[in-house]
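Okay, so subunit A shows up in both of these, paired with subunit B first and subunit C after.
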Partner chain A sequence: MVNKENFKKYVLELYEKNNRPDGRGLLDYREPIIIETGVSKNAEGSALVTIGKTKVICGVKLEVGEPYPDSPDEGTMIVTGEFTAMSSPEFEPGRPGEKAVELARIVDRGIRESGAIDVKKLCIKEGEKVWTVFIDVFVQNHDGNLIDASALSAIAALLDARFPKIEEDGRINYNEHTEKLPINKKPISCTVIKTGDYLITDPNFDEEDVSDARVTVITDEDGIINGMQKGGTAGVTKDEIYKCIEIGLEKAKELRKHL
Partner chain B sequence: MTKRPDNRKPDEIRPMEAEVGVIEQADGSAMFKVGDTIAMAGVYGPTNVLPRHMEDPEKAIIRSYYDLYPFSVPERKRPGPNRRSVELSMVIKNSVLPSIFLKEYPKTQIELYTNIIQANAGTRCAAISAASLALADAGIAMKDMVSSVAVGHYKDQVVVDINKEEEDIEGATDIPIAYMPRMKKITLLQLDGKLPNKKMKEVIELGIKSCEKVYEVQKNALKKKYQNMGE
Partner chain C sequence: MSELLIEEKNIVIPGEEIAKGMDFLPSTGTFREGESIFSKNLGLLEVRKHVIKVIPLKGQYMPKGGDDVVGIVRDIGFSTWSIDIGCPYHINLTVSDAVKEYVDLSKADISKYFDIGDIISVKVTNVTKSKMISLTMKSYGARKLEGGRLLKISYSKVPRLIGKKGSMIGMIKEKTNCRIHVGQNGYIWINGPAEGQRLVEKAVDMIEAQAHTNGLTDRIKEMLEGVKND
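This part shows the complex of A and B:
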C-alpha cells in the first residue's frame, strides 16, 4: 500500500516538472483509447471503452413504455451506472452507492441535455406508446477517470444501437433489428482534476485518489456545454473553472475522433 | 437422431475461449466464453473478514456474487440481485469450494465475483469455469481445477452444452455439471426438467467427458499467461 501523503508529495513534485508517474504530460489522456462496439449481442447496442487500464462496458436496451404526460410524443431514457465489485477492491457488492448514482446522472445529463437522442423519433403512438431507452453502464476495471470512460461508452453504445422489430401483433422481436437509433449529437465528457494548484486530465486510480477537486465538462460538437459537475472536497477558483472548460472543449474534440 | 439447431454433434461443445488476467485491479480474473455466452470472473483476497464475526478461525470463507448484466439477455433484466442470482451465487461457491485449500487461509475471506456480459444458455457453467480460472490466477492454493458444462436432454437424445434455442424446445431438460478432473469428483449437479432414470448414466458420462474438454481450454489459458510473461 502506497502511503497517500507521500504519494501526493511525489506527484506534486512531478507535476511541477510537467511530468506524471507514468511520464505523461499534465493534460494527456492515456493511450491507447479503444472503443469496441457490438460486444454484447443481446443488447440493441453495446460498447467496451478502454482508456489505459480503465475498462467500462455499456449496453443499450429498448422497451416499449408509456410517455410522460408532459411530453406525450417523446420517448424516454434512463441511465444506470454500476461500480461492479469485480472491477476494484474499493467497490462493494449491492445497490449502487452515491458515487455510482452520481456518475449515472452525469452521463444522463450529457445525453439528455445535448439532445443526443432524437426522442420525438422514439414515439410509436402519441400519448400511449413510446420507446424507453435503457443505458446501463458497468465498470469492468477501475483505474481512474470513470466518468469520461462511462460517458464515452454510453454514446458509443447509442451509436451502435438499432431498434428491435415490432411484430404485427405488437410483440417486440429482440432477435431482429431494424434501423439505427436516431442520434443527433455526440456529447463528450472531459474531467479535470485539481491536485495542489495543478490541473490534470485522465488521472489513473492513484492520481485520482490524492486529488483535491474535480470538474467535469460535457460538450457537444457545436461547443455547447451540456453538463458540468464539480466534485471533490476542495474549492476551485473561477479562473480554474474557465480553464477547465477550455480544456474540456479541446479534449472533447480529440476524444470524439474515436467514435 | 434429431439434428441440433446449429448442426453440432451430440458431444460437441460450442467454440470455447478463455483468458486470465483480464481485470487488472483484481487479484485474479478470467474471461470464459462458450458460444455466445461470455462470463467474467474477478477474485479478491484472501483479505480480512468484514464483519469480523463472520470469520472462521480454521479456514477461509468464500463470498460469491453472480449477476447477469441487464443487457446480456434479450429482455432487459432489472439491475440487482434476484432469487435466481442468489441461488446461483451459492451453487457457484459450492462448486469451486472443494477445490480450494481453505485451511491455508484461516480467518480470511476470498471474494468471488462472476458477471455475465452476454447470455445464451449455460451461464452458471461458464461462470464456474471462469471462477476457477480466476482463483488459480489469483494464486490461491488449489488441489484441482473445476470445469463445468451443462448436458441437455430433448427429443429423447442426450446432448452437451445446449444453447438458448435448444433450451426453449418443448420438454428440454438442462443438467449443469461441474467436475474436478484430477480428483474425479462432481461438485455441481442440478436438473431442471424431466429425465428418464435410465438416461442418467449417459448424462453423467457425457458431462464428465465434456468437462475434461473444458479443462484443456482452462489449462491453456493459464499456460498462455505465463508464457507471455516470459517474453
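This part shows the complex of A and C:
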C-alpha cells in the first residue's frame, strides 16, 4: 500500500460509524464462506476454504510410522503451513518463514489441545506401528484472515479424511480407503484484530496491514478454549482479551455451521 | 470499394479482420496488412468516420508524450526521484524538471520536495523510441497531492470513469464530497470524508467490472444515492 497512515485514518473514521471499507459491520465475516471437501485426489482428505478472496487449501495424508517412546499407543500428528508465492506479493518462494510457521503452530494447537483426533484409535500395533497424520495447509490467495481460514480448512479436511487400506502383507494401499478418521471435536479459531480502540473480525488484506494487534481464540463446541495466540506490536488490555473470547465463542458457533 | 466487416462497439480478437479497402485508416490497436485492417488487441471496436481504433479491455499502460498521470515516489537519488506510474519502465524525475527554484545539490536534501510514498500529479513530456521517459512538474495542474489515498483502475477504463465531458467523475465528486484526481495511467488519488471515500472505491470497482456495458452512469448514480438513503 502506498500510504498506510492515510489508509489507517480512513478506516478508523469508518470504524467509528460501525462501518468497514467493504460495507460490513465490525464483527461480520465476509459472505459467503465456502468449504469444498475432496478437492485433492491424492490426499486422504482435503478441503478448500474460501472466505471473500482468501483461499486456503488443506490436505491430510496418512502414513505408518513409529510412536514416540512416552506414548506408545498414540498416533502422531504434524501440521505444516506454506504460503505459495503466487498468493501475495509479500511472500517469497523457499522454506516457510516466520508467519507460515506461526500459522502452522496455531492450527496445530487447536487440533492437538482440543483432542480433535482420537489418537488412541490411530494405533496399529502398540509401541511399533501407529498412523502419522500429516496436515498440510497451503495458502492459495491472501486477502486477510489466513489463520481462521487455515484452521477451518484443517478441520474440514480431517472430517473428510479416510484411512487407506492395509493389505494382508502389511503394505498400504492408497487407492482404497476404509473408514473415516476418528474425530471427536471441531475446534474453530476466530481471530480478532485491534485497530486503534476497535475490535474487528475477518479483516481483509488492507485492514490487516494497518492493524495494531491480533488475538486468536480457538474454541470447541463445548465452549472450551483450546488455545490462544497474540500477535502484533500493540498491547491488549485484560478487558479486551475477555471481549475477544466472547467474540470468539460467538463467531465459532457461526463458522461451525459451515462444516 | 471499402467495407466495414464488424459493427462498431463489438468485441474483436487479435488478428480479426475489421475492414477491407483503403478508405479506412488504422489507428491505435490495429494494423494494416495488404488492403485489410486487423485488430492487435482483444477489445472494443471504435469507428470515427474513417479512423478505426480498438480499445483494449485490459492491458499495461504505455506512456506517451502529453499524458497527465498520477505517480508514486518510490525512491530518491542524488538529484532524481524514481516515479512509479504503472508502466513497465524505470522513470526518473529530475530536480530541474520538478522544482522551480534553484537547488544547491551539494547542500540540499531533496526529500523536502517529494518524499518516498508521496503521490504526485505529473505530465509525461516525451517518450523516446528506446522508452526513455521524461516527466515534468512544470505544467498546469502538476503538483504534489497532499494526504489522501491511491486507487487503481485499468488505464483503458479511464475514459469511462471520466465520462462524456466529465459527466461521470463530476457526478461521483458531487455525490461523495470527495476530491478526486484521475491520471491517464489509471491511478486515482482521492481524499475526503471516509464514507465518501468508501463510495468512490465502490464506484471505481463497478466501473472496472462493467466498463463495457451501457447505462453505467445511471447505475452508479443509483448506487451512490441508494447507499446514502439507508
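The rule we apply is simple: the second predicted complex is superposed on the first by the 257 of 259 C-alpha atoms of A that agree within 3 Å, B and C clash if a C-alpha of one lies under 4 Å from a C-alpha of the other, contacts with A are read in each partner's own complex, and residues count from 1 in each chain.
What we mean here is this: a residue touches a chain if its C-beta (ideal position, glycine included) is under 8 Å from a C-beta of that chain, and two chains touch if they have at least 3 such contacts.
Computed from a prediction, not measured in an experiment: that's the story for all the values here.
Peer 1: Going by the contact rule stated at the top, is it subunit B or subunit C that touches a larger number of residues on subunit A?
Peer 2: B
Peer 1: Quick one: is A:Y10 in contact with subunit B, with subunit C, with both, or with neither? Answer first, second, both or neither.
Peer 2: So A:Y10 only meets subunit C here.
Peer 1: In the superposed arrangement, which partner chain does A:G23 touch: subunit B (first), subunit C (second), both, or neither?
Peer 2: After superposition on chain A, A:G23 lies in contact with subunit C alone.
Peer 1: For A:D143, using the defined touch cut-off, is the partner it touches subunit B, subunit C, both, or neither? Pick first, second, both or neither.
Peer 2: Once the two structures are laid over each other on A, A:D143 reaches subunit B alone.
Peer 1: Look at A:G59 in the shared chain and tell me whether it touches subunit B only, subunit C only, both, or neither; answer first, second, both or neither.
Peer 2: The first partner, subunit B, only.
Peer 1: How about subunit C: which of its residues touch subunit A in the complex?
Peer 2: Going by the criterion above, the answer is residues 72, 117, 119, 147-150, 193-195, 197-198, 201-202.
Peer 1: Please give the residue numbers of subunit A that touch subunit C in the complex, ascending.
Peer 2: 2-3, 6-7, 10-11, 13-14, 17, 19, 21, 23
Peer 1: Across the complex, what residues on subunit A touch subunit B?
Peer 2: 39-44, 46, 53, 55, 57, 59-61, 63, 80, 82, 84-89, 93, 95-96, 134, 136, 138, 140-143, 174-175, 205
Peer 1: So in the complex, which bits of subunit B are touching subunit A?
Peer 2: Touching subunit A from subunit B are residues 23-26, 29, 36, 38, 40-42, 44, 65, 67, 69-76, 79-80, 111, 113-115, 117-120.
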